[in-house]
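The letters A, B, C, D, E and F name the chains in turn, as written, and every chain counts its residues from 1.
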Amino acid sequence: MAAWIDHLAVAPILLPLAASALMLLFDERRRGAKLAVAMLTTIALVGISIVLVGRAGSAAAIVYAIGGWPAPFGITLIVDRLSAMMLALASVLGLASLIYASARWDRGGPRFHALFLLQLMGLNGAFLTGDLFNLFVFFEVLLAASYGLLLHGSGRARVSAALHYVTINVATSLLFLVGASLIYGTTGTLNIADLAIRMPSVPESDRMLLQSGLAILGVAFLIKAAMWPVGFWLPTTYSAASPPVAALFAILSKVGVYAVLRVLLLGRGGEAADPASIAGQWLQAGGMATILFGTIGVLASRTLSRLAGFSLIISSGILLATIAGGGPLAGALFYLVSSTLAVGALYLLIEPIARNEAEPNVAAAADPVFEDEVVHDPDDEGDEVGVVIPATLAILGGGFLMCALLLAGLPPLSGFVAKFAIIDGLLDAQPPIGWARWTLIALIIVSGMATIIAASRAGIDLLWASERAPRTLRLAEAAPVGLLLALCLGLTVFAGPAYVYMEAAARALPGAAGPPPGVAR
Amino acid sequence: MEIVLALGIGVLTASGVWLVLRPRTFQVVLGLSLMSYAVNLFIYTMGRLRVDAPAIVGRDAAPDPAAYADPLPQALVLTAIVISFAMTALLLVVLLVSRGLTGNDHVDGDEP
Amino acid sequence: MKRLLPHPLLALGILLMWLLLTASLSPGQLVLGAIVAVLGSHAMAALQPEDAGIRSVRPIPRLAAIVFADIVRSNVAVARIVLLRDRPERVSGFVRLPLDMRSRYGLTVLACIITATPGTIWVEFDRRANVLVVHVLDLVDPDAWIRETKHRYERPLMEIFG
Amino acid sequence: MTTLQLAWAITAAQVMLGLAAACAAYRLLFGPRAQDRILGLDTFYATAMLMLVTFGIQTGRTLYFEAALTIALVGFAGTVALAKFLMRGEVIE
Amino acid sequence: MTGVDGLLLSILVLPFAGSILAAFLPTAARNAAALLSGAVALAGLILVALLYPAVADGTAVRGEIAWMPSLGLSLVIRLDGLSWLFSTLVLGIGALVVLYARYYMSPEDPVPRFFSFLLAFTGSMLGLVLSGNLVQLAFFWELTSLFSFLLIGYWHHNRAARDSARMALLTTAGGGLCLFAGVLLLGNIVGSYDLDRVLAAGDLIRSSGLYGPALALILIGAFTKSAQFPFHFWLPKAMAAPTPVSAYLHSATMVKAGIFVLIRLWPVLSQTDEWYVLVSSAGLLTLLVGAWAAIFQQDLKGLLAYSTISHLGLITLLLGLGSPLAAVAAIFHVVNHATFKASLFMAAGIIDHETGTRDLRRLSGLYRFMPITATLAMIAAAAMAGVPLLNGFLSKEMFLSESLQRHSGTVIDQALPVLATLASAFAVLYSVRFIHQTFFGPPPTELARTPGEAPRWMRVPIEILVLACLLVGIIPAMTIGPVLSSAVRSVLGDATPSYSLAIWHGFTWPMLMSLAALVLGTIAYLRFGKMLNRTEGAPLLRRFHTRRIFDGALAFTASAARVLERRLGTRRLQPQLRLLLFVAIAAGLLPVMRHGYSLGGMEGTVVDPGFAVIWAVGGACALGAAWRAKYHRLTALVLMGGAGLVSCISFVWLSAPDLALTQLLVETVTTVLLLLGLRWLPQRSAALAPAKGAAFPFRRAVDAAIAVAAGLGLGLLAYAALTRAPPADAVSRFYMERAYPDAGGTNVVNVILVDFRSFDTLGEITVLAIVALTVFALLRRFRPAPESLGLPAQQRLQNAYDDAQSGREVGDTLVDYLMIPRVLMEWLFPFIVALALYLWVRGHDMPGGGFIAGVTMATALILQYMAAGTRSVEARLRVQPVRWIGIGLLLAVLTGAAALIVGRPFLTTYFSYLDLPLFGRVPAASALLFDLGVFVLVVGATALMLIAIAHQSIRKPLSRAGES
Amino acid sequence: MTQAPDLPAWAAILTALFILLGAGITLIGALGLLRLRTFYERVHAPTLGTTLGTLFIVLSSITCFSALQSRFVAHELLILLFVTVTTPVSLMLLARSALSRDRIEGKDSVPPVV
């Protein structure tokens, strides 16, 4: 049916799944081999996603019909510019986190590598799928894996955070189901591209149900995107997670935004007149409230990890408000990539900078649950493995500074370019520019200022005023931060081509022009 | 039948929501389970009600779709049941561990 | 043979179940059923159950007939108690039934019989004293009841299981 | 003619089973003690199983048989667990 | 890229390259770092010099590299007279500062880092002045803030350095954000960010409605950077930086960036009332406030800092006046101030270096110890005071002359001559004080060491700068003349006025004002000099403790933010869930309100009384569970089981046997699971409940309202859907038509699960696997609550009884209890296994399938565990659930992937009828294999979860394990 | 929904008879749950349904499907078999648990330990 490159569309899901399944056949004594498998898989994912980005940038989208069943009946995977870009983002972030974890965190509990790969699988699936219910399934996959990874290492903070996180997400999943089934009940399809076609022809009498479904579905997405007032879970959850996990989580909140882009904007395409725009106004207001709340939170943060969490909230808010307000989608995408990389790098830096005292050992039971596990804790290990690198403080300081600049939107890294692209786009509207846009621009700038205030306080306290010497930094901990920051630098230097790519990606989104790819009718 | 089912969904939902808003972890688990019952039925209703029309097709002639219960919502419910079972299990274990670590069964880990 | 098919009777039972389930006697289902039966008997073997040690099968039909009759009778009796105005003099209560039988399988069948029969239920058993406590819904004469039970059920069971 | 009468008989049977389920539900709801509720639930299960068989008869389909058989074979697991919990405070020791 | 492009680019690239290189030098490589930096600065200077001919006539040269062309953003390096002048200052003074710093910095400091920052700062400054694009200008602007932050905080072990670095950063970077916004507005007005196009669009800009906001934002940026009142406070604090940094940042570079932007945009922004009022009043205030405050400083560098503020105010004032001549004077004064102020800072650094103090009250009579430095400082200070024959005099004369012109007819015009003279007198006063207190008078006492001349090469930079002051002051036309002219032409273009740089214009009013200032200043020093030593802070300004205000503002921000965060957010779960549900209900309701709630016209099915009765029970169970869940968990659990069974029966009623079967099995397993969990949840009792607050009834009412609303909402939505005809062309038609012919199954639901939408199933079993692994991992480190550590009460009592009774052993009660059930449950095991296999095999055609089979199988296992206990079962059965999960997952994936081998999409099923001997015609579907994977995985995952919890009962807690 | 399969008269009559008998017995048993006074009395009630009640309904089903498919269909017997085995298990365990609880609470209506 298709060229080999088309089959590559399913690889980002298949590869980590198969690798993790394979790992389950071997017990925890094979940790080294598992790390190798995980590393190779993740590197392969980076490679594949780069190939897919290249393919998506140069040709029409791949519409991969799983099981050979044609859309809209079967489930399709769609590799267009946007999904390929998200794949690349996820895999790069994954690679960085995994390298970091290999320094010591992967020994914080059993089955880390399998969970890690399954997390990537869930993310990739959510980005690729062209089917609404399949999106739900992959949401669940990535959530389930995120529960596992959040709890990795156990301890009171993580468990308490996980209790909230799981509860909220289980409730959210129910909303997703209600919304998706209402949409099926009124349109008779689950294929997202098909929905775009069918929505306009839904009879007036069924509009109420359809819109209600879309709205409830939207709430589910917005909870995942941590919009105010349904996003309070994010900072607490992410700051409880172990650093490599939190870094990977940086992209999790973006999945909600991604879903808004893919699905919720369909409503705009379908209902050209007022309703979507009223929903859009709510979304925009919510987005701006989110920025404001994130800004307040950033200023209120006492720890770096909460600061990072609220930075994610700010970025969600900026993305939502921009998207909803008809702002520049390409700028939003550029910002999405940049802020995700930045927060990811920041989460990786937090632990070496603000090293907490070793957590109390929570291993309370002496016997293994099953024979196939090895009972040992990361704290028991001989600590000094891996290459220790000099000039720790300078590296940490430099890294932190760059993260702060990225988040505040200051030069020279991509955060500046991203905010420029967004504000420029917001100003680009037909005059007169409405008050909402002015407010948004002001909020973007104010949030940047708040980030400088908070980050400078935290950075100075931890890096300049700290009496104690920082923990020895291992190459495996520094390298991934370097990788992520280098990407941000690259994004600045090659902002032109990157932006052109994202503009093309944005043009292909629903509501932009014509039906999206993925339906053969 | 429709009104009965709708009422049933409503009562299950209301009970579930009430429990989900309670402060004790076990209440929340039960609440989410009740809510998921309601949602499963709700998904099912999106295929509309069919009495005596299971989705088993004959082998010989092409089936008349109107004669069968819509199979798709049923398949979705099956997936949803499995996932909600998994999540119930997870939430239960998390609450057990939380109970052990925090010393109480309040959802926030401490009495307000 | 024992290695290949650890519990032949059980395997036969499973094969029978398979054939009933598939409602088919086609060769294909026979083969499939046989495979399942072998798998099932191996699953049982893994649990290492005590050997049933059946000594004689002759009393079985008679016992079955007695049990069936008792069940039907008890059904009627209990139905009367439920439906009709309850006699005030009816007493229900616990009966201690000292047993002679030691076979676990015999006891198991006895438990099933007593409990499946409406009006009596196996409540407690002391392995060391070999005493059984039964709750009887309509207890007229405990001693007579004990005698009857031992005679009607325990003896044939001891013949079967030893 | 007989079909109609059979239909009425089946419906009557279902109504009776429904009432039986309601009786079980009474114990399930009002106890008064945990063992009563568990007994109610167990009876509820058994009644539901019988109701499934009547559905099979009513529709002439064998579809409902598996569900009934499954209740017959594994439906008691819940009751066993509940009873054991009452007795021992622990389901698996 | 042309040759000029290359030259321009290398001017910009060199310092950054040097910075990176310096960063990698070893800590001790002081000379290497200094040499590198000096070389970079000199090379840059040469490059700039080479380009002078190209810009001498006031035109600009541009080099352009595409950056984000689709947003009209290019990297434009644009060199004209003004930027040439600034580049020369940046690089020239930069080179001198490098030389000075080589001797100033202590070998103990990590000097390469210092030079690295310095070079990066130089590069940023160059990028700023060479920007041919407004966004690029903002870009480098923020970079200067950033590197100045690093330079000021260089001695970060010192608290003052840290705090002032942060203050400088927040002020200037915040201003930078405003500037950024301002230039974006400007670009929006013009339609381009390109400087040439912006500069050509003056009329358009001034007439735009956005002019006001743009101007305000840009001015905030410029004023913060150039320390204009009231944003001046950060500059004196920044004196905590190493002196070379002060000499560089506060003479030629950092603070001049704001001035640069004002000059750069002068042609398009000035000539309006807003500009005049805002800029000139800010400049005037700053001029006076800075000079006044400088008089009262006791710290050498503090005096210089306030003097800098004052001079920056002077320049700003000149620019604000809006006349071309004033602009010329401003540009001229930029150069002059840079030279004399840099040299004065360096001199102050030498004094500090040699005496160990910068306190004017402790310094005295240093002339005799360091005559050369003293002489140099005196000349530079004279330039600062505006003494004739020095460069400062010339530009100040121009200023005074401008102050006499009419500009707007406002009060500023009237007062300006007097105020200008007054400010000049202040300048004379603090300059005299600076020189006299330091170099004259008796020899200093109580100094740590005996001061002496600084090293030869440390003085060279000062000598060069002082020489420049003299040369410009004496022969301006031959030295600064052409350069100034090209700079002025590049800004004013055709509006360039005629001006003369002669040192003597006769006895004019400005001359007289200058003289008056000199006399007044000197007299004032003689009269009040002693008194000044006794003051702390400047009168009138004393109450403005800028640091305290700034810190207070920050602290207030933080604490206000914390209060707001608590008010607008929460960390507790219940409010979060309340909000979540509220938002969801509102979202679902809004469309209904807009479109109106309506029922469809489809005829409903007749209500079956049995169904209604069943649901009455189900509803009662649900409500009962909600009612009892707090203190009667077991009851609630049983009631929930009832509700579950009702929904299960409903599925049967409504023709969904697969659902019923699945729901039933899951129900059973869930009950066991929750019971397993209940073991670890100690009993709750109403008697022990904590006291409830006053808000308790209100919260309950709110919760009840939300619950009712949610129930009503979902019920009404369901009812609305049920009364409507289904969509005509729903995709499910395809499934029913194709299930048998194309996928070989008659149970359409199962065919969807294992074929049409098998991808969902793959995801679903992955979820199950993940959750099982997570549960397992979590329970590995499970620590039960203290109350649950021991045996449950029932077991304790039963054990005690067994123990007390002769002839019984502990555990007999359990053995007796389970003896009979155990036999039955064991013998049921193979039958349940057979049933499971049957359900799996037939799933494709009839209700059943891998999941149902798997749960059935798992239930069989659990029954064994309940009957025989964990240890006993595991002694006989090798249970390896994790491996089962892996095998199942792999099986499902590989079945799906097999299609790839033949080039078909993932999960394409293979299906055909095979004619086998004995079997006859049988369907062979790869879906069956996929379903086997599901089966195996579900068994593994379900067992893993249940057994992992069950295992907790037999695990020894660490405390007990340690004791034994 | 009042519907039924199209059966020959003899089968229809038998089916109807069996099903009514089975359901009736089951209902009586369930009524016992309401009417009997103590738990130990009530625990006897469900066995009506699980013995004769099930038997008759299974017979009804066998008759019906045998007539429908014109051959002897007996898989329903499995239901009867398994119900006969599993019901005692749950009832025995439940009764013993109740006994244990009552003893712990010191109820004098239950026999003391052996």
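FYI, contacts are C-beta pairs under 8 Å (C-beta built on N, C-alpha and C of every residue); 3 or more make two chains touch, one makes a residue touch a chain.
The shown structure was predicted, so the numbers you read here are calculated from the model rather than taken from an experiment.
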{"item": "Shared chain contacts [chain A and chain B, defined touch]", "value": "E"}
{"item": "Chain at maximum distance from chain F, centres defined as averaged CA atoms", "value": "E"}
{"item": "Centroid-based (C-alpha) most distant chain relative to chain A", "value": "C"}
{"item": "Pair of chains joined by more contacts [C-beta pairs], C-F or B-E", "value": "B-E"}
{"item": "Chain ID, smallest distance between chain and overall C-alpha centroids", "value": "A"}
{"item": "Whole-Å separation of chain centres (CA-atom averages), chain B against chain C", "value": "39"}
{"item": "Separation of mean Cα positions, chain F and chain B [Å, integer]", "value": "30"}
{"item": "Whole-Å separation of chain centres (CA-atom averages), chain D against chain F", "value": "9"}
{"item": "Centre distance in Å when chain A and chain E are each reduced to the mean of their C-alpha atoms", "value": "16"}
{"item": "In chain F, residues with contacts to at least two other chains", "value": "1, 3, 29, 31, 43, 45, 50, 75, 78, 82, 85-89, 91-93, 96, 100"}
{"item": "Per-residue multi-chain contacts in chain A, two or more chains", "value": "133, 137, 140, 144, 147, 151, 154, 159, 163-164, 167, 171, 178, 182, 184-185, 190, 362, 364"}
{"item": "For chain B, residues contacting two or more additional chains", "value": "20, 28, 39, 42, 45-47, 51-52, 54, 56, 72, 79, 83, 86-87, 90, 94-95, 97, 100-101, 107-108"}
{"item": "Complex contacts: residues of chain B adjacent to chain D", "value": "52, 54, 56"}
{"item": "In the complex, chain D residues that touch chain F", "value": "2-14, 16-17, 19-24, 26-27, 33-36, 38-40, 42-43, 46-47, 49-50, 53-54, 56-60, 62, 65, 68-69, 72-73, 75-76, 79-80, 82-84, 86-87"}
{"item": "Residue ranges of chain A in contact with chain B within the complex", "value": "133, 137, 140, 144, 147, 151, 154-156, 159-160, 162-164, 166-167, 170-171, 173-174, 177-178, 180-182, 184-185, 190, 362, 364"}
{"item": "Of all residues in chain F, those that touch chain E in their complex", "value": "1, 82, 85-86, 88-89, 92-93, 96, 100, 104, 113"}
{"item": "Residues on chain E engaged by chain D in the complex (per definition of touch)", "value": "609-610, 613-614, 616-617, 620-621, 624, 634-635, 637-639, 641-642, 645, 648-649, 652-653, 657, 660-661, 664-665, 667-668, 671-672, 675-676, 678-679, 791-795, 798, 814, 817, 821, 825, 828, 831-832, 835, 839, 846-848, 852, 856, 859-860, 862-863, 865-866, 869-870, 946-947, 950, 953-954"}
